[in-house]
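We just call them A, B, C and D in the order they show up, numbering each chain from 1.
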Amino acid sequence: MAEQFLILRNPGAAPLSELPILPFDEFRSQALAAIIGRKARVVAFFAYAHGAAQRLLLILASDQEGKLLLSSSEIEGAFESFTPSSAQFHWFEREIYEQHGIMPKGHPWLKPIRFDSPGSNADEPGVCEYFRLAGEAAHEVAVGPVHAGVIEPGHFRFQCVGEQVYFLEISLGYQHRGIEKMLRQGPDKKSLHLMETCCGDSSCAYSGAYAHLLESLQEDLCPTERTQVMRMIAWELERLANHTGDMGALANDVAFRPTMAYCGRIRGEFLNMTAELCGNRFGRGLIRPGGMGYDINDAIVAKLLPWLQASGKELRNALELLFSRAGVLDRFENTGTVDSKTAANIGMVGIAARASAQKQDLRSYHPYGWYRENPYEAAWAESGDVYARALIRYEEIKKSLAMLEPALKKLPPAEKNAATPPLSLQPKHIAVSMTEAWRGELCLCAITDEQGRFEQFKIVDPSFHNWYALAMALRGEQISNFPLCNKSFNLSYCGHDL
Amino acid sequence: MLEILKSRLLQGYRAGKFPRRAPVMPERFLGLPLIDNSLCQKDCSACLQTCPAGAIQKESDGGITLDCGKCIFCGKCARACKSGVIKFSRQHDLAAFERKQLLRRDASYSYELQPKPIIRQLCGRSLKIRQVSAGGCGACELDFNVLNTLAWDMARLHIQVVASPRHADCLLVTGPLSKNMLLALKKTYLSMPEPAFVIACGTCPISGGIFAGSEAVCDGIEEVLKPDLYLPGCPPHPASIMEALLRFMGRQMRPMEGDRENKAQKEDKAQEGDKKPEDSLKA
Amino acid sequence: MSPLIFAILLIIFAALLCLLLSFNERSAGLVVADFSSGQLHLPALIALAGTILGLLAIVPSCAIALFRDTLPGCGEFMRAWFLLPIICVGILSALHSIAYLDKSFSPLRRGVYWFFFNMTVAMMLLVTQAEHPVIFLLAWEGMGLFSFALIMFDYKQKENMHAAWIYFLACQAGGALLMLMFFAGAFPLFVFICGMLGFGLKAGAPILHIWLPGSYQAAPAPASVLLSAGMINLGFLGILRWLVLPDPALAPLLGYSLLICGMPGALLGIFFAMPQKNLKRLLAYSSVENMGLIACGLGFGFLSIHWQRADIALLSFAAAGLHLLGHSLLKGNLFLLTDHVYRASGELNLDKLGGMQKILPGTGYAYTLSAMAISGLPPGNIFMAEILLYVAAARGIASDKLSVVAPSLALFLTLAFCGVLAMTVFSKASAAIFLGEPRSKAARRNLAVPPLMKRCGIAFMVLLLIFLCGSPFLAPRLMHAFVGQYESLYSADLGAELYASALDARRLLGLVLSCVLLVGMLFILLWRVRRKYLPYSTAVPPRRFTWDCGFAQPTARMQYTGTAFVQPLVELFAPLLRPVKKILLPRGLFPKKASYELSCHDGSEQIFWRPLVNFTVRLAIFSHRLQSGHLHLYVLMLISALLALFIWGFAM
Amino acid sequence: MSMFVWFCGLLLSLLLCPLLSGLICKLKGIFVGCPGPSVWQPYYDIIKLLRKGSVYSQTTTWVLPLAPLISLAAMLCAMLFLPFAFVDSPLAFEGDVIVFFYFLAGARVISVLAAMDTGSSFAGMGASREMQFSSLAELGMFCILAFLVMTTGNFSMSGLLNGAGILIWSYSGTALLLVIIAFFILLLSENCRVPIDDPDTHLELTMIHEAMVLDYGGPDLGIIHYTAALKLWLFTSICSLIIVPAGLFSGFSGLLLFILAQFLLGVLVAIVEGTAARFRFLKVPQFLLAVPGLTIIAIIMLLLFK
């Protein structure tokens, strides 16, 4: 049986007619074969209504080949769950069930993930059957949706006896705003802004991925070389800001005040650099399909370069201080461990996956934009604990700093100001665009209708893959270590809930 | 210990000058919109069509009204308007005590400056905040968190975040109030001892912002809680949040209207000479 | 006839009459009084009247003995001191028994209960009274047997029977040891060891306490009260009356052994109380702790005599005496209050209770106060005793001699550690029972608790208060008593020392009481200020919900259970406690089930008794092998024995 | 005269204790390079809280509303035994040490019960941790007491703390130093400071003291803040009284030195908080067991060299 996949490179589009529609059994066996044989990962798996029919669409990524494998199948109301065979599907199938009421038969853990109709029958958000630790001594610790710190809402249910956590279940959906629904029938004047507000701390990654998506759907929207570099600057500044903030937060969770204070401030410097580019600290309006919202002029470059160097130096100093403290390392090491097998099983992505010995980074294995010409070598670690996740951040901070300086120094000259053509997307196409947001792999997938509008728009935030890993990391852990573990993942609630 | 001291020397004393000195906003920052309706063309609706949030309304007299409570400060309208009716200043103080004060029809600054006396009496020197994210994209939370860092250090201005609503004087809400957060927000408010105040931080909690109209959100918190302070912005700049909080506590006196913009610009120029770039941007 | 003898006879007579009437169907079913929960039958009335009248009859003589101004007759004082808790606890537990034996018990069973109850009380009185070894032994044996019957009252439950049999064995072993003690007078050391073991068995000395938790748990609540508040003390009476008094030379040895037994006893008791889930079992282990502390006090006293530090000795004796009384009353009260909880919920498992304060407010106050008092917090009867012992130990620490400093230091730290652990144990208990939300359906059941039971609780609290306020006056008298009892032990003239120590103790306890009063006044003052002058607090604060992070459906499962509350400490002391955990960990990404169960078996059982029993069994099996029934084997054994004798003979 | 100084010391302690907490917060800020909260912030907070309303949970019973005031009353009564400004307390008696520490323990137990009263898992968590750590701390505390009794031969608070004068420094300074280190560890632990607890953290799952009081608001919380500040002051007082030889100072110079010593100890606490990372909870008991360990070494040294 020959493999029947639509093969794309990132970012890429193809006519919808090239997408194979397989009978479900074949679809299933081929998908599982690819996951085992080609070591492919599930990037996205979702259902959509095509006329009267319900379709499942699966996007796999084969990291070693740098290819995306697309396949689809038509089903009626139910299908045999993939989850028992491959846990990577677990969260996706829950989403499918919740959004469309399509039953993944044999799913072991079918609960709502966003408490959004029609698949969730809960009256109130967060109310569902939680796994229980039996025994009269056992108790639960329920945290959220309103947390003690200034963070987004989510509900965490710990099954504990005293300080010991035996099981953690995470229930999200509080940030659900219905973005995917609002994006349908786009692109319109709201679309770009919605993309930028999918996940506030990854605005550049989102708008970048969105720009790539539209650029692959419309041939005359072609970014210039200067645009590519500028986008890279935006992405890496975003990465720097967030990684720095996370390192500070990790220091805060072990009450190591110096690094916490320094990182908090330096993060602000990176945000302010972004604000220097476009006026907004999160890079809103900086990237837009076909080009950039703002140009980087020489005055800005002259301002940014010394600023970046100074901040980089201070940041390295703050982080070296952190990593030199025995008390801090003692807290980091062997805390919240996710072993590489579990990581692969769940289909983790991004820094958390790289900390658990998963060699995957879109910038290396599915390069896009600037990274196509400038190969990037992903950093990875073995131990899978908080220390590894902190270390990966430190390595990536160093790499980003090393990328930014030469890029700023040698910006390609501005080309003659060619106005961006109006948007008119190719009709009946399917497009996939992925970027490595600072958390990990962000995937956008769009299917256009006859008029070139979005018939279906799917967003898979990196957090979508990783929330279950956090739950796994807490098993057998001390409950007091939860904030530290949580921060070491620092997953997005809004990106997940959309 | 030595390393910590060495590091401390390198990092220096980096507290921001705000509020003693007006903050210097980035060059491209979009702050308080200034409207000059005298320039407005009657048959032009370029701004209306381009506004993603539906913040602009054409009035019967031909002019426009820009609702800051809906505006996401993307600046598209200013670019679309060929006759220069809408301009975004770099002014950061956007907060208002009344919803209707957010409707802008001119270039004046006519916000009420004094909070209710009870707020100032009670919280003038101690404001404890419980923040609730009610939907939204998380950016407001991030920029509010920034106030805890060295550069802003809101603790020195008597503002602190507390863990429990029981400890709080004030509820700072961000996000458009997703339906899933409705109950949690109500419960949080009910858990606060009297008197309890509410601040809507960001455009989302005021009107729903970019998410207004979605089935899954309530288009702002007003139908559940009446905010005591409205702070537009998407997200508001830390300086805006800081200024808003200080004004809320009755601790920030504004310079009178008119010369504000000029003064701010003058200060800008004066500071640019003697300050390192990172300093000027941080504040 | 002395009032005591009269009382004993009266109680026994009532018991026999009650038993007799119970077998007669007509009189057994004769209802005398009707309570909301049950009826009082004629035989029960007779038994009850006998007990109460008998015990009340002793009160005057007891009071005279306690408050007589002259020194002689200190033996009487001691006896009165041990009688005091028996009287208080006896009367109140008898009253509680009426409510305890509700309609579900047949008249015959009630009759039997009352018979054994009265007999136990009578035997206890006889034990305090007995002056002749034979009578003492008989009374001791009778006390054991009758209380054994009380423990197996609820004989249908297998574990109760198990506990009762262990108790029976312990009693028999104790009796045998005491018999040896009385009839082996020629070997002082042997006498001493037998006496210590025999009385230690009753007083819940460490390792020997094996019978204690089980039988307290198994016995009906009023019987547990009798055991824990009345009978357990008699072990000390035995030691004081039958070991030291006849042979004062044993005092230093006794001091060391009491201290050496007492300190680990106290620590082990409170350690094992920590993880207990069953309320009565927890209280039982707390008894082991308190008995340990009393032993410490007595032991330290005897040692101080040996060191010729009369001031320390007097303080310690007064401490031990006050502790004994305080513990009896508090423990009695706690057992009865526990029975209220059991009545209302049908549950004794801490992890399943919760929120009972709202159902049983009075019980809640009383329990919490008693729990704080028994963990040694001021102002509690136990605190009054402990502070004297602390002062005694501190004086020892300040001494120059290492031989004095070391035991004092050990005692000082033991007291501190026991105190703080007891606080943990009892805050766990009262929090898990009364505070928070009900953790199970049982805790929500809200069955009626007979008012009589509640009144017994109030009576206990009043008694506790009286003795608390009386402690500054009782402490010097206790000192007198001990001086009179063991005058021969002191080498020097005691008058001055006694006077100073008595003054010290009286002043100290008085000051403590006034401190407590001061706290109370400060509290009232602050409370009034808070209510009157703070603007928003004049209004009644709204009652909402506990802060639950805004979650939609908080449940009672989201609160700490008793086991969870002490989990960190239990983990920390796991090498000592050896908790048995049955944990089914959640396996895989999507586990089906997981469970957690923790139990703490008695340490002495694990470390000492089980290996001992196993060894005995193995020995028995081995010796059984020798009895094979083959003639030639016996012949061989005979010859080898002869040979061995020969060799021995030659070697000599 | 001396009585007047003692009384001034008492009064100043009551007035200045929030300032000490304020100072520590301020210094922590300066330590990392920002102004930090005002030193008067605790006063502002307490005054504001006293003027606010409160909300009680339906779950709670009598314990919750009474606990803050009982704690405060017990603490106030206990502090009467301290020899403020190196002057023996006029109320001193033999054994008042026990009353002092048991009143503190009583205050702790009632606040633990109040935490359990809310039925919240966070409060339970805080209460459980508080009991665990304070059990171990109490053992250490009594070891230190035993050491002091040994050196001074006295058993009243005034005698113990004022007696530990020049004499001990001269003949067993090392032992005293060990004890002071041990006591400082206790000070950190009993007052919920880094590395045991983090007073700045606002994460329910890692807090101890703050988790216990999550359900208090308004005046009750103000009283709790004040009581916590007072407790810190009491511990720094004890620490400074152990360190400083009493006989050297008298009258108002003693008072001045006494107040100064509190703030110096506050600086020390701030330095520890500014530089140390917090322990894992599992390691805290080991840290706390160092206290009896150190003290027993000190006692042995004392016995050997006395």
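As a convention for this text, a contact is a pair of C-beta atoms (placed from the backbone, for glycine too) under 8 Å apart; a residue touches a chain by one contact, two chains touch by 3 or more.
Keep in mind it's a predicted model, so treat the numbers as computed, not measured.
> Could you see whether B-D or A-B has the larger number of C-beta contact pairs?
Between the chain pairs B-D and A-B, A-B carries more contacts.
> Specify the chain with the shortest distance from its C-alpha centroid to the centroid of every protein C-alpha atom present.
Taking the mean of all protein C-alpha atoms as reference, the closest chain is D.
> Suppose each chain is reduced to the average of its Cα coordinates; what separation in Å results between chain B and chain D?
Whole-Å distance between the two chain centres: 42.
> Quick one: chain A and chain B, Cα centre-to-centre, how many Å?
The mean C-alpha positions of chain A and chain B differ by 28 Å.
> Counting in whole Å, what is the centre-to-centre distance of chain B and chain C, each centre being its mean C-alpha position?
Result: the chain centres lie 67 Å from each other.
> Report the inter-centroid distance (CA atoms only) between chain A and chain D in whole Å.
Roughly 47 Å separates the two chain centres.
> Mind pulling the residue numbers of chain B that touch at least two other chains?
4, 8, 11, 14, 132, 150-151, 161, 163-166, 183-184, 187-188, 190-191, 193-194
> In chain D, which residues are in touch with two or more of the other chains?
If we look for residues of chain D contacting two or more partner chains, we find 31-34, 51-55, 121, 124-125, 128-129, 202-204, 214-215, 218, 274-275, 281.
> Would you give the residues of chain A that are in contact with at least 2 other chains, written as numbers and ranges?
124-126, 139-143, 145-149, 153, 162-163, 258, 261-262
> Classify the chain contact graph as line, ring, star, complete or other.
Per interface graph, the chains form a complete graph.
> Contact residues on chain D for chain B in the complex?
By the definition above, chain D touches chain B via 25, 29, 31-38, 40-41, 44-45, 47-48, 51-55, 202-204, 207, 210, 214-218, 221, 274-275.
> Spell out the residues on chain B that touch chain D in their complex, using ranges where they run on.
So the residues of chain B touching chain D come out as 1, 4, 8, 11-15, 122-123, 125-126, 128, 150-151, 153, 155-156, 158, 160-164, 166-167, 169, 190-195.
> Once bound in the complex, which stretches of chain C touch chain D?
354-355, 357-358, 361, 364-365, 368, 372, 375-378, 383, 386-387, 390-391, 394-395, 397-398, 402, 405, 409, 412-413, 415-417, 419-421, 423-424, 427-428, 430-432, 434-437, 504, 507-508, 511-512, 515, 518-520, 522-523, 526-527, 530, 534-537, 539, 541-549, 556, 558-560, 564-569, 572
> Can you list the residues on chain C that touch chain A in the complex?
For this pair, the touching residues of chain C are 277, 349, 351-352, 439-440, 548-555, 557-568, 571, 583-586, 589-591, 593-598.
> Show me the residue ranges of chain A that touch chain D in the complex, using the header's touch definition.
139-143, 147-149, 162-163, 252-258, 260-262, 325, 327-328, 330-331, 478-483
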